[in-house]
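A, B, C and D are the chain letters, set down in written order, and residue numbers restart from 1 in every chain.
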Amino acid sequence: MDRSGDPMKGPPADRRGSISFSRPLGDHCVHMGIELEGLSSKAIPGQFFLIRERGVLDPLLGRPLALVASEGNVLEFLFRVSGRGTARLATLPPGAALELRGPCGNGFPEPVRNELVLVAGTLGIAPFIGIPSFCSERVRITAVLGVPGKGWEPFVEWCSERFTGIRINSDDGSIGRHGDPVEDTLLIVGQRHEVWGCGPEAMLRGLGRVHEKGCDRLLVSLEKRMACGTGGCLGCSIRTGSGSKRVCVDGPVFEWRQVFGGSHEI
Amino acid sequence: MDRSGDPMKGPPADRRGSISFSRPLGDHCVHMGIELEGLSSKAIPGQFFLIRERGVLDPLLGRPLALVASEGNVLEFLFRVSGRGTARLATLPPGAALELRGPCGNGFPEPVRNELVLVAGTLGIAPFIGIPSFCSERVRITAVLGVPGKGWEPFVEWCSERFTGIRINSDDGSIGRHGDPVEDTLLIVGQRHEVWGCGPEAMLRGLGRVHEKGCDRLLVSLEKRMACGTGGCLGCSIRTGSGSKRVCVDGPVFEWRQVFGGSHEI
Amino acid sequence: MKSSLRTEVGGVSLETPVIVASGVWPMDPRLWPAGSIEGVGAVCSKGMTLEPREGNRGLRIVETYSGVLNSIGLQNPGVEHFIAEELPLLDNSGRPVIVNVAFETLEDLGKMLERLKSFRSMVVAVEMNVSCPNVSRGGMSWGVHLESLGSAVSMAREVWEGPLWVKLSPQAPSIGEFARASQEGGAQAVVVGNTWLGMAIDNDLERPFFENVFAGLSGPAILPLALRAVWEAAGAVDIPVIGCGGIARPGDALSMILAGASAVEVGTALFIDSGLPASICRELEANLTKKGLASVRELVGRARNYQGEIGERLR
Amino acid sequence: MKSSLRTEVGGVSLETPVIVASGVWPMDPRLWPAGSIEGVGAVCSKGMTLEPREGNRGLRIVETYSGVLNSIGLQNPGVEHFIAEELPLLDNSGRPVIVNVAFETLEDLGKMLERLKSFRSMVVAVEMNVSCPNVSRGGMSWGVHLESLGSAVSMAREVWEGPLWVKLSPQAPSIGEFARASQEGGAQAVVVGNTWLGMAIDNDLERPFFENVFAGLSGPAILPLALRAVWEAAGAVDIPVIGCGGIARPGDALSMILAGASAVEVGTALFIDSGLPASICRELEANLTKKGLASVRELVGRARNYQGEIGERLR
């Protein structure tokens, strides 16, 4: 990934692409490369693309997926087969025509601390994949991952190749530690740490409950259903301590406190 | 193709398949192989399949395409990129998932004469491709094809490989004879001939005007928009001398006289 | 089919709550694709009129985004031919037959029902089609005027002693009121509903595709609209509501039932998936098992009981 | 854009007949994807109310087959904030700004229009939104009662001296009558129309997806319905009709225009194709060239002139 050209400043663009590779990681996930037509797209970790099949109007909307890497004209994504759109995406062969809108959103900032802990629930790891090559070398990164367990081995293996010393937690205890990733962070996070989280809302809430005061900065990347990805439809609005925010343009990365800190409902 | 098992008698079935190959023949046409899951499907020339992409509901309806050949589990089709559905079909890469309903319709009967003339307007040739291997050897086949001209060379070449002595006619005179295929048949068809036609309605009407009395049997394969392909929706009804008929189950092959012979409108 | 799917709707006992909608499937079951009978609880006949009708000229089917516009114009051979030729075939399918009747005048309606009376054993219900948008006179107009609807249903009720259903028009100014009028007229169920009035333009010819200009929209595109109509109707009447419109996948039928439908009719989706009735049944059975429920009747209208608190649940 | 696309609609001069519909595109043009401004003749603001509104809770967007249900609930910062912060930004886009106003009471409407008066130079037209299905009080109810609509339009006409458009509700019992009432009230154009009332069920949670149960359906799925409504409206009034609903590809806009629309609004399709306004313009230009016509105005309603004889033309 590349920080040059201030990618966060411009609005997203609609681009054409086609699948260059599609590799299942176990039964639940797919690692996909998408080759863009024309110039490559600059983006930083935490930014995302709305991805849809070109030429059909059902499914209609782009699915938001975090960019995990880019190599020349090929953008890489990692996704869970969850509903209809991702199930369809997972069956498409190489060569299938796609449309992408992006890069969307703000992405992660430069860490303020030298100790960065990344906490991910399953596919919440996606926006973190690019962090190691994005951060300056002074930053020591620890990734903490939670997965359900059985069947997720190939996914865990794939992640382990990308984060040395990644801490694995599984609900069923079949892979790594038995337990959830938030508990696991209790063993490592201190005042000098910066913590970033991405995963289910319950996990993110929990993360703050245990670390809000105990670490230096706590950022979370949120998920909401999206239609436009450009801040127009207000479909992804959340209520925050500082008023209504759109996850697609004001986020997806927020200060934990801003989102979960107050008495407001999100 | 295979006549065994009386394929015409049963209703069509819905089958899953995927593209095994897709080869453009010039700018306008595609030769596509579709591999069926499970057992192969028996059909005779003139029968057709409704073909659609699996997993999307837009485009919604299957496109009727005549079966041109079958080889094991692979069914072959030949189609013109005409509107949205065929344009989409043409862009799909090998491996793309399809659904097929078929074989539909009655298909061509055994010829009654030993001299069979097949008259096709462009893609009207499709249902005829399987005729040579379908008819008994006593039958001498002459194919007469009409195309617009420039740009259709690869298509014409492909057809020429399948019909020895095929007579080519083009509107612009750039390939074969300058003129239309119906005129061309005037040079060859006589009382002892059987004539089968497939192409635009104007061509089929013309075919009858010149041969209705001059040949022994004149059959035409018709096209109408279809929804169900099973005789249920009445979307493909035509008015004939013997009442209302459904192209999908009562046809697509009809006696010319039945369709165009009377004063009824079709 | 498991007995958990057995239900009774509007005076009709059904092995499954999945009905083949009128006008989409051949009247001759020998033309049905293999396996397509599986899971089917009943079959509606093509809309029948007193006299034979040739149907509309010109284009009859135009595909739209996830939908189909049709302008068949009630092509049918008339009640006599239906009784002589088609009803016995349908009866042979082994599935209960619901006869869909369309009419221009109350007199026509009366005559048809009189004729059907003698075949009561083959006709488990009459479905009054007051909603066909594709015929210039009659048809839909019954479905968009409250008093006309009431009088038509009452008169049918007098003549026809068997189960009587009314298939409402989405063009009715208020689905709830029209459902109520049907109930008051003596209908035992309302089908909600028929096709939605739409049109398409042939840009090349610069004219409407259809000779009648307007046509009826069906298929997945209309599911959210039909679901809303079902929700409204189910809130307005005590008789069962049968959901129809846009069901394309098994979960759609479940949605209809949760919204308040006691059974569903599937139409357009059969054009692309003849196995849909069977897969709907499997989905319903699985859903019952998951919830430990004994009968599909317990699913009916469950989404109407929700209380407050929502929030989005992702991942 | 070529001058052949220039047109005047309901008192507004437009460089192209393609308008960005209300509520779909950011109010801050700096957020617009590159190239998306191209071909845009005007921009509608997000529906504005007198006081700020937080909008609806819970899920706001649910995808349906070729469509989108939305229940945003008119989230907006209110007229004062709009005037101070958003209007100048929109004005900066270089495109004419149409202000979409929603209201619960006539008093609110009057106050908003009074406030907008001082910004007349930045507001080329007011579009009265009498059709939002997503707010419990007000909103749509204006659009489904003929007398309410008439009185609201008349009062707006008295206060607001600039061009006045009315965006009709597809839930109106008769589009033609409601278009006529708008015209009689003094509207200079009718927009036909807003979203169609639908719903979706969350099968897992056994409840409606949306807190308000119903939501508005937009996107390609509704094109045939919107086209029919445009056809009806254009036959009922002399003021221009602006077609809105389901336009997803350039040919759809052409269909709308041939059916009688003087301009079009595009909404949902921008979620997936920010270049659509530009491609619509190219399509229209190509169509004019092909036919040797000088202005897009000559295309308006051409499909209404067709005569008899059809038959299907295949290949």
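One rule holds for everything that comes next: contacts are C-beta pairs under 8 Å (C-beta built on N, C-alpha and C of every residue); 3 or more make two chains touch, one makes a residue touch a chain.
Fair warning: this is a prediction, and the values are worked out from it, not measured in the lab.
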item: Set of chains adjacent to chain A and to chain D; value: B, C
item: Interface with more contacting C-beta pairs, comparing B-C to B-D; value: B-C
item: Identity of the chain that, by mean CA position, is farthest from chain D; value: B
item: Centroid spacing, where centroids are CA-atom means, of chain C and chain D in whole angstrom; value: 33
item: Length of the line joining the C-alpha centres of chain B and chain C, rounded to whole Å; value: 35
item: Inter-chain centre distance, chain B versus chain D - centres from mean C-alpha coordinates, in Å; value: 45
item: Distance between the centres, which are taken as Cα means, of chain B and chain A, whole angstrom; value: 51
item: Of all residues in chain D, the ones touching two or more other chains; value: 57, 59, 65-67, 220, 248, 311-313
item: Per-residue multi-chain contacts in chain A, two or more chains; value: 57-59, 225, 265
item: Overall pattern in which the protein chains touch one another (line/ring/star/complete/other); value: complete
item: In the complex with chain D, residue positions of chain C that touch it; value: 57-59, 64-67, 69, 173, 196-203, 205-208, 211, 213-215, 217, 220-225, 227-228, 231, 246, 248, 251, 254-255, 258-259, 287, 302-303, 305-306, 310-313
item: Residue ranges of chain A touching chain D (in the complex, touch as defined); value: 10-14, 52, 57-62, 85, 99, 101, 225-237, 239, 244, 249, 265
item: Residue ranges of chain D touching chain B (in the complex, touch as defined); value: 65-66, 220, 311-315
item: Chain B partner contacts - residues on chain A that touch it in the complex; value: 53, 55-59, 87-88, 91-97
item: Parts of chain D lying in touch with chain A, wherever the complex brings them together; value: 23-28, 30-35, 46, 54-55, 57, 59-63, 65-68, 70, 72, 75, 219-220, 248, 268, 270-275
